[in-house]
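Shared between the two complexes below is chain A, which pairs with chain B and chain C, respectively.
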Partner chain A sequence: MDSEDVKENRVPFSNRSEWSDIKPVPQDDGPNPVVVIDYKDEFVETMDYFRAVYMADERTPRSLDLTREAISLNPGNYTVWQFRRLILEHLNVNLHEELQFMDQIATKNPKNYQIWHHRRWIAEKLGVGAAHKELEFTRRVFSQDAKNYHAWSHRQWVLLNLGCWEDELSYCDELFNDDICNNSAWNQRFFVVTKSPLLGGLDVMRDSEIMFTIKAILAKPGNESPWRYLRGLYQNDAKSLLNDPRVASVCTEVLLGGSQYVHALNLVLDALIHQFQPGEDLKGAIEAVYSSLDLPDSTSDSELAKRVCFILEKVDPIRASYWHWRKTTIPSQAL
Partner chain B sequence: MGELKVEKHAKYILTVEKKKDDFESVVMEHLRLNGAYWGLTTLDIIGKLDAIDPEEVVSWIMQCQDESGGFGGNIGHDPHVLYTLSAIQVLALFNKLDVLDTEKVANYIASLQADDGSFAGDIWGEIDTRFSYIAICSLALLRRLDKINVEKAVKHILSCQNVDGGFGCIPGAESHAGQIFCCVGALAITGHLHLLDKDLLGWWLSERQVKSGGLNGRPEKLPDVCYSWWVLSSLIMIDRIHWIDKQKLVHFILDCQDKENGGISDRPDDAVDVYHTYFGIAGLSLLEYPGLKPIDPAYALPVEVINRIFLSR
Partner chain C sequence: MEVNGVATKSEEEQFAVWNQVFRIYDLVFGLPPHAQALHFEIRRDNHVEYLTRGLSHLGPGFSVMDATRPWICYWVMHSIALLGDCVGDKLETGIIDFLERCQDPNGGYGGGPGQMPHLAATYAAINTLVTIGGTKSLSSINRETIYGFLLRMKDSSGGFRMHDGGEIDVRACYTAISVASILNILDHRLIQGTGDYITRCQTYEGGIAGEPSSEAHGGYTFCGLAAMVLMNEVNRLNLPQLINWIVFRQGVEGGFQGRTNKLVDGCYSFWQGAAAAIIQRLHSTVMEQLGLPLSKTDFSQGASCDSSNSDQEEEHSEPECCVNDICQPEIVGVNHNGDRFIKAPQEMGPLFNTFALQQYILLCSQEEAGFRDKPGKSRDHYHTCYVLSGLSISHHAGTRNVDRPPRTIDVMGPYSNLLEPVHPLYNVVFDKYKEAFRFFSSSNP
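Showing the complex of A and B:
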């Protein structure tokens, strides 16, 4: 029963015989309300009746139905949700039915904190058996918004507490097929690779993950996420990363592509600052980019790291101060 | 681009919820305390707080307090730390913190700390680093940080740090600018900023600035004025504000104004609301836009309010 149904079929509470014993309680905004609100009639009436049962602490089937109506009119009202939980516990309601109700209202309210919290509460009570259903539910949410932060938080909680890791890596792949720039999916991939009890951990997975990430980078070099993921695989040790010939090679390739190379250059810069010795291919690619831009002729300036900073200041001017600062961190012996 | 329409924004806030037939106002009833914080702090920043009668506000706020010591979003609502912080902040604006039974409020907040140092939002147990910040900020303003285990709280916050230097809502969750503000703010207030890799985090934050000059909250998301606060205050707390282009951000925020009717929206040409109006103006204050009172990046209150609390005793 969604809010449209509520409006069409709605009989005012004052006309419902089963509610005839209740005296509704109006909202108390204080004698001189800080803000004056013009409420709608049905909302007013529903909340007046809610307040009556809430203050009387009535935990019955009719008050449960009343909370459903109140939630349908305003799913953000956390006090209604909390009272609903008290009633559900008291009446020992079948929580699978409650999940069905949650499925109905979730579609229109994908970012509502109360709905996600209530769902978590139900899942905790249902335990391991709920895992599959909860993963399916978040999957449906992601089909509408693949970056919904609440849904990701819920999904991670389900995996950690209820299990069901088997298909998680392949699910990340599905999401990447839709949008390789989905940062949430990249975060999830790192979560799975590091925390899944089925995969063996980061050390075991590192090699194949580097191959995977390189493919993603070549598809869209300007995409921030795979570069961060790459760094994460090596726990931010840029020098070790660049010493992997595959990584040096992808940086070279991106630079030779002539565009979207800021992230590649940034990684190279990190490595150079930590005494990385680039091969001729990579050096050549950097020089090619340098000479393609209108930069000071610095044949006297043999420090490659400094030249990289000049490039970055020019092509990413919104962060010019940052790149300027990076220049100051170059140790004098870096080449 | 133009300028900040201060008079229009003041008028917008003062009349915001008197719009008739506006269902939006109705559904916000339960978080009225948050709305009061956003609206009143904005008025203070632009120097118009004297348009409000403090007595009425204080009396209403105190009616939002529950017997547990916590505050609900409005009269008759269950307590939650979200509204408890707003209550404390609004009372601080009016220099009325003394109306509180500090012990009672502090005990409520402290009761929500879990064994691992994390904080729940209320008795229902949702854990989120937002609540760590709220608890720490609230207790600091009440000068009762001694009520909680600060070391454990810091340890939990650090466990939510990701390899990119950012923070999520729980360990393993995606780095998000809002969560980062909460974690950095909590570390700032408790004197633990030295535990951060400021360069790494500063870089992540500076990458939030997109071509239009606005800031997003995560890679590849759209810019939103509220990130002018979450990202900016974080950058200021870690001394890396110069890593973004401040002028471009100012232009972006000013572009998000409704110059006819007042108020600021999430991005240009969208509908305005009090939340974005506050964050846009607070962001401009952090950017030292002329005519605005300075705001403290960790406590999210005007600096003179913070000085009054911490320096005058």
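Showing the complex of A and C:
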């Protein structure tokens, strides 16, 4: 039942014989109310009746229906949702039907905390059998908004608690084909690679993931997501990361590309700070960039980290004060 | 702007925003100086009028906010306080009375009279009452029952539930810890395990997510960071990674995005800006994590710096022991984290570009009255609150001590644009925070 139906077919509670025994409870805003909302009559009446059954703790089919009406008027009323859960439990309602109700109202309220939480509650009660349906549901949400935060949290919760990991990595691939810049999909990939019981964990997956990520970087070096993902694969140990020749190589290549190398330098800087010793190719690429910009002349070999900061201050000016601070936190051994 | 290959949906949306934003900048910077100056003024009177109206009357469309009325109170009252203005006694009394009706006899505040208590509503109510200030307002808060409510919301995971049977996330942790801290009722039972939960929410990107494994997000990053500072456990977060993630959230538009590869939004001016500002006061912890010795303060943004206090000794004010009978030293210590934090000088200069942020706020977010997410979106009280809060952060980010006025160059537009400073951990105006601190330090629970 959506709000349009409510408007056309609605019979006021005062005219409904099955509610004749209930005395509605008005909202007590006091004599000098503030943040006064100009509620429509049906809203006032519905909530007055809700208050009555809520205060009486009446857990019956009619109060269940009432919560549905209240929810359609304000899906953000968490008190109504919580009470609905109590009624559903008390009446031992078939939760598959409840899921259908959720499917209906979800489309109009994709970012409502209460709806997602209620869904999670239902799924938990339904157990493992609900996994597939919940994954399908979030998939539908992603087709409208591939970054819906609640949907991603829900999907992760389903996988962790109800299982069904088989197709998750390939789903990430699907999303990457749609949009390689979708950071939620990259986050999900990290989640799958580290948490899936079917894949063996990060250590097993690291090698192939590096190959995958490097490919994504080369296709779009300005895309921040794979760069952060790359660091994640090495648990933010930038030095070890750069010691991988493939990673050093992609940094070199991006630098030689002449543009969109901010993320590459961000990574290189972190490695240099931890006493990473770059090879000649990478060093040469950094020097090439340095000399192409109008920067202070410097010939000292040991100041590479500092020179990277100078480059970044110039080519990434929005973060100039950050790069300036980074310059001051270069350990003396790394200079 | 360069595109490798075909633009993805993310890139297309980003280009559209850049188009709009740079069109505005080109327009404004193409004007003669006098006309240009007008665009950089904060339309104070208009904003205050828009905000005050929200306190009295809201249209039927606000029915969907019927469970968030204390938030509306906070967004409005805090915004007005930031603008250095106030509302009349009648409205203040009305709000105090309204919030009392939202207070549950067993503790906590709900979204409206008769609604279940909720951590976010409680946070909003408390911050509103602190913003109003004065004995009537502050003494309307029942700390004892609130403590009970907070404890009941504690989950075995270490996190907190938003309400009985509600969702657990980093927001809930922050609202609970913030309320407890500002009311001087924070203790080990509330803190226990929360640091574990929040630490698990820091992602591989460096930012903090709402739940473990979710995506790093500006709102949750602020919540997680502030909560950890208040519990004195911030050293458990990887701060260099966190800083790196935050600063990369500022785009060429000047404003902040909430997540990697998403669009700028005015509200992140506070969530991300304040997170960056909080870190400015964590210099020694950051240096420790970097394995570096504590150097002399490096406090500068670009060429100039505020060195007015650089010769003074750092003040570590010892917490005054509250007169409270059941107060234990442990409790006194942890409740004063917020105070110790703000009294310590900012050892680091701004980590983000405060000028670019102010420019985005004044030219892209500001409307005739009220503030919005971005051009093309509508204004609302939430964005007005958090954009103004972010603007305040920008004004004061270059000042070593919170109660010192910023330099003229720190304020974009006329100096009269200057907003009141906030306590970045609670997001209440600093003077109001001070009053509340004194009040709750000296009174019995």
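As a working rule, the second predicted complex is superposed on the first by the 325 of 335 C-alpha atoms of A that agree within 3 Å, B and C clash if a C-alpha of one lies under 4 Å from a C-alpha of the other, contacts with A are read in each partner's own complex, and residues count from 1 in each chain.
Basically, a contact is a pair of C-beta atoms (placed from the backbone, for glycine too) under 8 Å apart; a residue touches a chain by one contact, two chains touch by 3 or more.
None of the values given here were measured: they were computed from a predicted structure.
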Combined model on chain A where chain B meets chain C, clash or fit: clash
Which of chain B and chain C A:G76 touches, first, second, both or neither: both
First, second, both or neither for A:D207, with chain B first and chain C second: neither
Partner chain(s) touched by A:R319 [first = chain B, second = chain C, both, neither]: both
Partner with the higher number of touched chain A residues, chain C or chain B: C
Which superposed partner A:D178 touches (first chain B, second chain C, both, neither): second
First, second, both or neither for A:K195, with chain B first and chain C second: both
Chain B versus chain C as contact partner of A:D167, first or second or both or neither: neither
First (chain B), second (chain C), both or neither touched by A:Q156: both
Intersection of chain A interface sets (partners chain B, chain C): 27-30, 32-40, 43, 51, 54, 74, 76-79, 82, 85, 117, 120-121, 147, 149, 152-153, 156-157, 160, 181-184, 187, 190-191, 195, 223-225, 228, 231-232, 235-236, 317-322, 325
Of chain A, residues touching chain B in the complex: 27-30, 32-40, 43, 51, 54, 74, 76-79, 82, 85, 117, 120-121, 147, 149, 152-153, 156-157, 160, 181-184, 187-188, 190-191, 195, 223-225, 228, 231-232, 235-236, 317-322, 325
Touching residues (chain side chain C, partner chain A) in the complex: 2, 4-5, 8-11, 54-60, 62-69, 72-73, 76, 90-91, 93-95, 97-98, 101, 110-116, 118, 162-167, 203-206, 210-211, 213-217, 238, 241, 243-245, 247-248, 250-252, 254, 259-262, 287, 290-292, 295, 298, 300-302, 348-353, 356
Chain B residues touching chain A - in the complex, by the definition given at the top: 16-23, 25-32, 35-36, 56-57, 59-60, 63, 72-78, 80, 124, 126, 162-164, 168-170, 172-176, 200, 202-203, 206-207, 209, 211, 213, 218-221, 242-245, 248
Contact footprint of chain C on chain A as seen in their complex: 25, 27-30, 32-40, 43, 47, 51, 54-55, 73-79, 82, 85, 113, 116-117, 120-121, 146-147, 149, 152-153, 156-157, 160, 178-184, 187, 190-191, 195, 219-225, 228-229, 231-232, 235-236, 259-260, 266, 270, 317-322, 324-325, 328-329, 331
